[in-house]
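Next come two complexes, and both contain chain A; in the first it sits with chain B, in the second with chain C.
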Partner chain A sequence: MGFYVAQLLTGLANASSLFLIACGLSIIFGVTRIVNFAHGSFYMVGAYLAYSIVALFPDSILGFWGGVIAAALIVGLLGLIVEMTILRRIYHAPELFQLVATFGVLLIIQDMTLAIWGAADKLGPRAPGLDSAVRIMGEPIPEYDLALILIGPAVLAGIWLVFHRTRWGVLVRAATQDREMVGALGVNQAWLFSAAFVLGAALAGLGGAIQIPREAVSLQMDLSVIGDAFVVVVIGGMGSVSGAFVAAVLISVLNAFAILVFPQISIVLPFVVMAVVLIVRPYGLFGKEGSGHGAPTEPEQPLRLLSSRATLVLMALVFALAASPVVVSDFASILLVDVMVATLFAVSLHFMMGLGGMVSFGHAAYFGVGAYGAAMASNYLGLPMMPAMIVGPLAAAAAALFFGWFCVRLSGVYLAMLTLAAAQILWGVTFQSQAYTGGDDGILGIWPAAWASSDQAYFYVAFVLCIGGIWFLRRVAHSPFGYGLRGIRDSDVRAEAIGMDVKFHQWMGFALAGTMAGVAGVVFAFSKGSVFPDVLGIAQSVDGLIMVLLGGIHALAGPILGAGVFVLIEDWVSRLDYWRFIFGMIILGVVLLAPDGVAGGVDRLLRALGLRREGQA
Partner chain B sequence: MNVLEVRGLTKKFGGLVAVDDVSFDLGQGEFLALIGPNGAGKTTCFNMVNGYLRPDRGTVRLNGQDLIGVRPRKIVRMGVGRTFQITRTFLSMTVIENIQMALISHHRRIFDMLSRATRLYRDEAEALLRLVSMEDQAGRASSELAYGDLKRLELAVALAPDPTLLLMDEPTAGMAPSERVALMELTAKIVAERGVSVLFTEHDMDVVFAHAHRILVLNRGGLIAEGTGEEIRGNPLVQEVYLGGGTVFGQAEAGAESEADHA
Partner chain C sequence: MNEMRRKIMGALAALPMLGMIPGAAQAQETILIGEINSYTALPAFTEPYKKGWTLALEEINAAGGVNGAMLEIISRDDTGNPANAIRIAEEMISRDGAVMLFGGFLSNIGLALADFAKQKQVFFLASEPLSDALVWSKGNRYTYRLRPSTHMQAAMLAEQAAKLDKKKWATVAPNYAYGKDAVAAFKSELTKLQPDVEWVAEQWPPLFKIDAGSTVRALEQAKPDAIYNVTFGGDLAKFVRQGSLRFLFEDRVVTSLLSGEPEYLDPLGAEAPEGWIVTGYPGMDIDTPEHEAFGTAYIERWGEAPKTGSIVGYNSVLSIKAALEKAGSTDTEALLAAMEGLEVPSSPTGPFFYRAADHQSTMGAYVGTTALVDGKPRMVDWFYADGANYLPSEEEAAKLRPAE
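Right after this comes the complex of A and B.
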C-alpha cells in the first residue's frame, strides 16, 4: 500500500512542473492562437538560469527560491523580447508560419544556450532545507517532491485569482473565447498579447527552474518537454488552465503507475491518452471550439496548367538532373539523392497540407515507417532491395490509413496535434522495441542490390522513384481527386453539398500523402545504409514543414524549390559551428520577409517573363 | 405527384420547440416560399429537409422516398440541390471549375486520380454558365467575383446534378435590391424551363410576393398560414406577426414577457 502511495506522490510531483509549462503554453495559445514550439526553450532557459543563479548562493534557502523566481522573471523578459520582435509580426499569418517561426526561435535559443553554458549537462543543487526524505507509510518520499506537490495547486490558485479577480485576467479569458470581439471592444490587443506571452513564458521558466534539484539541466530539455506539454494542453483543452492542471495530473499519475506494469510505456503513454481523449472529446476535456484562427487568409489563386514554354523549361531541368551523374562528382550525386528524397517528402507533405488543408506536425511518421519497413524487410526477412522497396511504402500506407482515420475526424490545430501524437507514438515504439528495430542503435547494413550499389546506379533508382512520385502527386493535384481535396479545404460545407464524402476523401488524401512519404523513406534508407529513430522524430517533421514554408505553401512548385533550397542550406550550414543559430535566423528571415516563400518570388518572376499563363481577368 | 411531402416535422432544442408539427407539400415545378420573423424556425425546418438536422418527429419524403436519417450527401444524390445563405464556393478555383466539380462528383468521378479535372464535363459546365449568364466569367477565380455573381454561380453549381428539388436558404441575403430582383427572375425562369421545384426562405417580401407560387408562414415553430401571395397579404394573423411584435395565438402573458426580455 505504502508503495502505491509513494508512486502516487511521485506522479503528483511530476505533474507540477508539467502543469507549469503546459498552462503557460495554454494561456499563450488561448490568447494569441500561436502554437509555441519555443515554449520548450523557455523551460530549458529557466532551468539553466536557475542553475547559475542558485549557484551564487550555496546552501541558502532564500537564495534557492529567490533564484528560482528570478529565473522565471528573466525568462518572462526573454518572452517579451521574442513576442515584440518576432511573434507580433505574424499574429495574422497562417498557423504553419507561426509554428515554423517559433521553431526558428527554438533553434536560436538552443545555440545561444550552448554558447553561454556549454554542452555538458549541469547537475543542480538540492533545495536547501528540503534535501532529505520523509517516511510516509514506510516509504521514503523526498521532501522536495512534497514541496512540488504544493507548488502546482498554489500556482493554479494564483492564476485562477488573476483570471477571475483582475480586469486583465477577464480580458485574457475573453480573448481566449473570442479574440475579435475583444478587439472590437477597443481593448489594446498588442498589450494584452504581450502580457499573456510574458506570463506564459515566465511560467515555463518557473517550470524549468523548479526541476533543477530533480533532473540534470541539458540542451535536450527543450524538445523533450515540448511534446509532453503539447499533449497536456490538448488533453486539457487549448486555452484552459484548469484543464491543463487536470491533464498534467492525469498523465503524470497514470504514468507513475503504468511504468510498474510496463516499464517502457512512459514515452508512448501521454500520446496514447491524448489520442483517446481527442477521439472522445475533440476539443479536449475542458476545451470549447474557440473562435477562428487569426484573420481570414487571402484566397489562393486557381491552379493553372503550365504553359508549353514552362513545360519545356521543366523538362530540360529534369533531363539535366537525369544527366547529372555523368558530369558531377559522386559526392554531388549523393547530395542530389538527398535533395530528391527531401523533395518527395516535402511534396507529399504539401499535398496533404497545402492542397488538403490538413496541417501535419508528424509527417515524418510515414517517412520513418517507410524507411523502417524497408530496413526490416531487408534485414530480417532477407528480402532483396526491390521487394523491400515495396514493403516500405505499404507499411507507410498501413500506418497512414490507421492514424489518418482518427486524424481526419479533427481539423486545424487539433488535427495537427493528433498527427504529432501519432508520430510520437511510432517514434516511442520504434525507440523501445530494441529487439526488432534496434532501438537507439537503429538498423545498419541496409544495402542496395548489387546492380544498384554504385553511387551512380543508385542515383537512377532514386531518380525514378522520387521524380516519379513527384510527377504522380502533381498529376493527382490536377485530377478530380486533388481538386476534391482542395475543395474540402476551401469549403467542406460546399463539398458535402455537391455530394462528396468529405471525411473519406480526406482520409484517402492523408493515406496517399503518407504512402508517398514512405516511398521517400525507402529511398532514404537504402541511400544511407542505416535508419535510426530520428527519421520519425519531431525534428524530421519540422524539416518538412520548413521546406514547404520555404518554398511557399500556395504553389505546387513550392515544396520542390523549398526542399532543394533546404538541403543545400543545411548541407552548407551544418558544417559550421552554431549552425542552428544561423538556420533559425534564415527561417525567421523567410517568415518575416518573404511570407510567400521562394515559389512566390519565382512565380512573380515567371509572370513577368510570360512563362506562366495569367488568369483571364 | 408531390415532389416533397413533409408531415408533422418537430424539433426541440432543450426546452425550446424550434419547429412544431409542420406539414406541407411541394408540387412539381412549384416555387414555394417559407417566410416568418427571425427565430420562427425557417432554417431549422430547412436543415431537417436537407439532412443536416435529424427531426425529433415527423417525416420528409422526396418523390416518395423517406429522407429522415439519410446523410446530406446522399440526399444530394437523390436529386436535391442547395444554395446557402452565405455563399459557399471553392474560392481557390475558377468559376467554371466550381461547376465542373459539381458535375465530377455527380458523375462519381471524384476519386479519379489521373484525368485532368479542368478537362472534364467542360461543355456541360459551359451550358450551365450560359444558363446563369456568366459564360464570360468562366476563367475568373471565384474569389474575385462580386457577391451577386457568386450567388448566380452557386445557383449554377446547385443545378449541375440536374436536381428535382432546389433548396435555397435566403437566396438574396446580402444583395443590393436591383440584384435581388434579377436573381429571383433568373431563378423563376429556370424553374419554369427545367421544371425544378424550389423551396426557399426569404426575408425580402417584395421578392416573395413577386415570385412565389405559394407561401408558407412560420411563427414560433408553427405553421400559421399557407396560401398564395394575395391570401397571405390579407391574412390577419400574418399581419399581426409581421406588424404586431410577434405575439400570436393569444399566447400567455409569460410568453409575451419572455419575448420582451429578449428584446
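Right after this comes the complex of A and C.
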C-alpha cells in the first residue's frame, strides 16, 4: 500500500511541474491564439537563470525562492520583448503564422543559451530546507516533491483568483471567448495581449526555475518539454487552465503506474492518452466548441488559373530545372533532389492546410510511412526499386485513410494535435519494433537500382515523381473536388446545406495529401539510402509546417517558395558557427517583412515594381 | 530595414549558386578530409571532441604534415539528422574532393554514414558512435570504428560485476538502440561469468525524458542487490539525485556505463555518487608520458582539461595520419588496405590497432570507481582496460559480419 501511495505522490509532483509549463501555454493560446513553439525555450531560460541566480546565495532559503521568482520575472520580461518587437506586428497575419515567428525565437534562444551558459549540463543545488526525504507509510518521499505537490494547486488557485476577482482577469476570460467583442467594447487589446503573453512566459520560466532541484539544466530542456506541454493543454481543452491541471495530473499519475507494468510505455503514453481523449471528447476535457480556432480571418481570394504569361514563365522554370543536371555540379543535383522532396512534402501539407483547412502537426507520419513502406518492401520482400516505390505511397495512403477517418471529425488545433498524436504513435511503434523496423538503427542499404544510381539519373527519377506530384495536386486544386474542399474550408455549414458530404470530402482530401507525402518519402528514402524513425518525428512535421507557413498559406506557390527557401537557407547557414541564431534571425526577418509569407511578399514586390497588375494572382 | 532587406535578398539571390561552383582546385600539397558531427545537437560531447582533433591536426601540420602534404579538415554540423549528414557527406566527396570521412556521434548517423561509405566506396572512420551494429551486423568493408564499442565497455563492467558476486540485478537504460545493446551485452557477459545471476527488474525511460522519481521507485520495489545503469547526461543527474534522495543506492552496488567520463561525471559536482563502478576517463590523473604530453598541450591550447571526446578526436586524427603514411597515397583502396591491422604505436591512451576481421580498433577505456576528492567527482582505483581483451576473437567477430 505504502508503495502505491509513494508512486502516486511522485506522479503528483511531476504533475505540478508539467502544469506550470502547460498553464502558461494555455493562457497565451486562449487570449492571443498564438501556438507558441518558444514556450519550451522560456522554460529552459527560466531554469538557467534560476541556476545562476540561486548560485549567488548558497544555502539560503530566501535566496533560493527569491532566485526562482526573479528568474520567472526575467523570463516574463523576455516574453514582453518578444511580444512587443515581433508578435505584435503580425497578429493580423493568417492563422498560425505567428507559429513561424515563435519557431525563429526558439532557434535564437537555443544558440544564445549555448553562448551564455556553455554546452555542459548544470546541476543546481537542492532546495535549502527541503533537501532530504521524509518517510510516509514507510516510504521515502523527497520533501521537495511534497512542496511541488502544494505549489501546483497554489498557482492554479492564484490564477483562478486573478481570473475571477480582478477586472483584468475578467477581460482575459472574455477575450478567450470572443476577442472581437472585447475589442469592440473598447478594451485595449494590445495591452491585454502583452499582459497575457508576459504572464504565460513568466509561468513557463517559473516552471523551469522550479525544476532545478530535480534535474540538471541542459540545452535539451526546451524541446523535451514542449511536446508534453502541448499535449496537456489539448487534453485539458485549449484555453482552460483548470483543464490543464487535470490533464497534467492524469498524464503524470498514469505514467508513474504504467512504467511498473510496461517499462517502455513512457515514449508514447501522453500521445495515446491525448488520442483517446480527443476521439471521445473533440474539444478536450474542458474546452469549448471553437476553442481550437484562431480569430476569424478575411475570406481568401478564390484561386485563379495562371495567366498565359505566368504559365510561360513557370514552364520555363520547370524546363530549366529539368536541364540543370547538364550544367551544374553533381552536388547541386543532390541538393535539388532534397529541395524537390521537401517541396512535394510541403505542397501535400499545403493541400491539406491551405485548401482543406485541416492543419496538421503530424504530416511526417505519411512521409515516414512512405519511406518505411518502400524500405521494408525492398528489404524484406526483396522488391526492386520501382515496385518498392509503389508500395510506399500505398502504405502511406492506408495510414492516412485510417488516421484521417478519426482526424476529420475534429477541427482547428484539436485536429492538428490528433494528427500529431497519430504521428507520434507511429513513431513510437517504429522505434520500438526493432525486429521489423530496425528500431532507431533504421533500415540501411535502400539505394536506387543500378540504372538510376548515378546522381543525374536519380535526379530525373525524383524530378518525374516530385514535379509530377506537385502538378497533380495543382490539377486537383482546380478540379471540382478541390473546389469542394475549399468550399468546406470557407463554410462547412453551407457546403453541407448544398448536399456535400463534408466529412467524406475532407477524409479523401486528407488521404490524398497523405499519399503524396508518401511519394515524397519514397523519393527521400532512395536518395539517402537509409531510413530512421526521425522521418516520422516531430522535427520533420514542424519543418513542413514552417515551409508552408513561411511560403504563404494563401497561394499555391507558397509551399514551393517556402520549401526552396527553407532547404537552401538551412544548407547554407548550417556551415556557420551559431547557425541556429542566424537562421532564426532570417526567419524573423522574413516574418516581419512579409507577414503573408514569401509568396505574399513576392507578390507585393512585383506589384510595387509594376510587374503585376491588381487583380492578377 | 531597407538595408536588411537588401542583405537578405542579396543572400537569397546568391544561394542557388552555392551548389554550382565547381570544386575549387586543391593546392597539391594538402590532403582534404571531411568531418561530420552533431555539433549543435550534442555540444557537451562534441565540443571537446572538436578541440581534440583540432589539436592533433595542428601538431601534425606543425611537424610537416603527412607524406609531405598538409592535412586539411573540413568540418560540418549534421544538425542531429541522418539525412542531412548524408547530404553533407555527398557534398564533401563530390564537390570538395575530400579523400575520406570521419566523425559521427549518434549511432544512427554513424550507421547512415557507414552505409553511404559502402555505396559511394569511400573510407569512413567512425570516431564516436558506439553501436555494435556498425562493425558487426551491419559492418562493411569501407567503415572502421575507433571508440570502444557498447559491447566492449559493457564487458569491462561485467568482468568487475562478476567479482562482486551479487545475485539479483536490476537494469536501467534509455529506451533506444544504445541502451538496449548495452543491457543485452552486459546481461550476456555477466551470465557467462556468473551463471546463477538473476535479473529482477528493468526500466526503460525515454532518452533525456526520464521520470526519475517513478523509475527509482520501480527499481526499489524489485529489491535488487545491484544495479546496472546506462543512463547518461541529464537523465543520469536526475536519476542520481532522486536515487540518493530515496535511498536507492544504500547498501547496493551500482555499475554504470560511461559515467566516469568527465562529460557526464563533472556536472554532478558534489552530488556525484561514490563507489560506483564505471567506465570512463580519469583525465590528467593518467601519468604516462604520452598522455602527459597530450594533456599539457591540450590545456595550453584550450585552457581546460581534456575530456573523453578530446581523446577520441585526437586519436581519430592520429589514426588517419597512420593510415595515410602506411598507404602512401590517398586512394581509397590503398587506405582500406592500410587500415587492415593498422597499428597506432603511440597515443595518449597507449598503443592500439585496427582489427582486420571486424574493423574495430582495440583502443580501450578506463575502468574505476567514482569518488569525491576535495568535493570534486573523480575516478579512483582505475586501470586501463585494453579493448583487445573485451572483444570476441577475430574469427568469431568475422562471423558476426554480413557476407560481402
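We adopt the following convention: the second predicted complex is superposed on the first by the 584 of 617 C-alpha atoms of A that agree within 3 Å, B and C clash if a C-alpha of one lies under 4 Å from a C-alpha of the other, contacts with A are read in each partner's own complex, and residues count from 1 in each chain.
Just so we're on the same page, a contact is a pair of C-beta atoms (placed from the backbone, for glycine too) under 8 Å apart; a residue touches a chain by one contact, two chains touch by 3 or more.
Worth saying up front: this structure is predicted, and the values here are computed from it rather than measured.
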item: Partner chain in contact with A:Leu219 - chain B first, chain C second, else both or neither; value: second
item: Chain C versus chain B, contacts on chain A by residue; value: C
item: Which superposed partner A:Ser266 touches (first chain B, second chain C, both, neither); value: second
item: Chain B versus chain C as contact partner of A:Asn255, first or second or both or neither; value: second
item: First (chain B), second (chain C), both or neither touched by A:Ser132; value: second
item: Which superposed partner A:Ser60 touches (first chain B, second chain C, both, neither); value: neither
item: Touched partner set for A:Ile334, first chain B, second chain C, both or neither; value: second
item: Contacts of A:Asp490 with chain B and chain C, given as first, second, both or neither; value: first
item: Residues of chain C defined as touching chain A within the complex; value: 1, 4-5, 8, 11-12, 15-16, 18-23, 40, 43-44, 47, 76-77, 79, 81-84, 86-87, 90-91, 94-95, 107-108, 111-112, 114-116, 118-119, 131, 133, 138, 175-177, 180, 202-206, 208-209, 211-215, 217-218, 221, 233-234, 237-238, 241-242, 245-247, 263, 266-269, 271
item: Parts of chain B lying in touch with chain A, wherever the complex brings them together; value: 72-74, 76-77, 82, 84, 88-94, 97, 101-102, 104-106, 109-118, 120, 138-141, 143-144, 157-158, 160-161
item: Complex contact set, residues of chain A against chain B; value: 299-303, 305, 475-476, 478-484, 486-487, 489-491, 493-502, 505, 508, 615-617
item: In the complex with chain C, residue positions of chain A that touch it; value: 3, 6-7, 10-11, 13-14, 110-111, 114, 119-123, 126, 132-133, 140-142, 145, 213-216, 218-221, 224, 252, 255-256, 259-260, 263-264, 266-267, 327-332, 334-336, 338, 431-432, 434, 439-442, 444-445, 447, 455, 524, 528-530, 532, 534-535, 539, 565, 568-572, 574-575, 579-580, 586, 589-590, 593
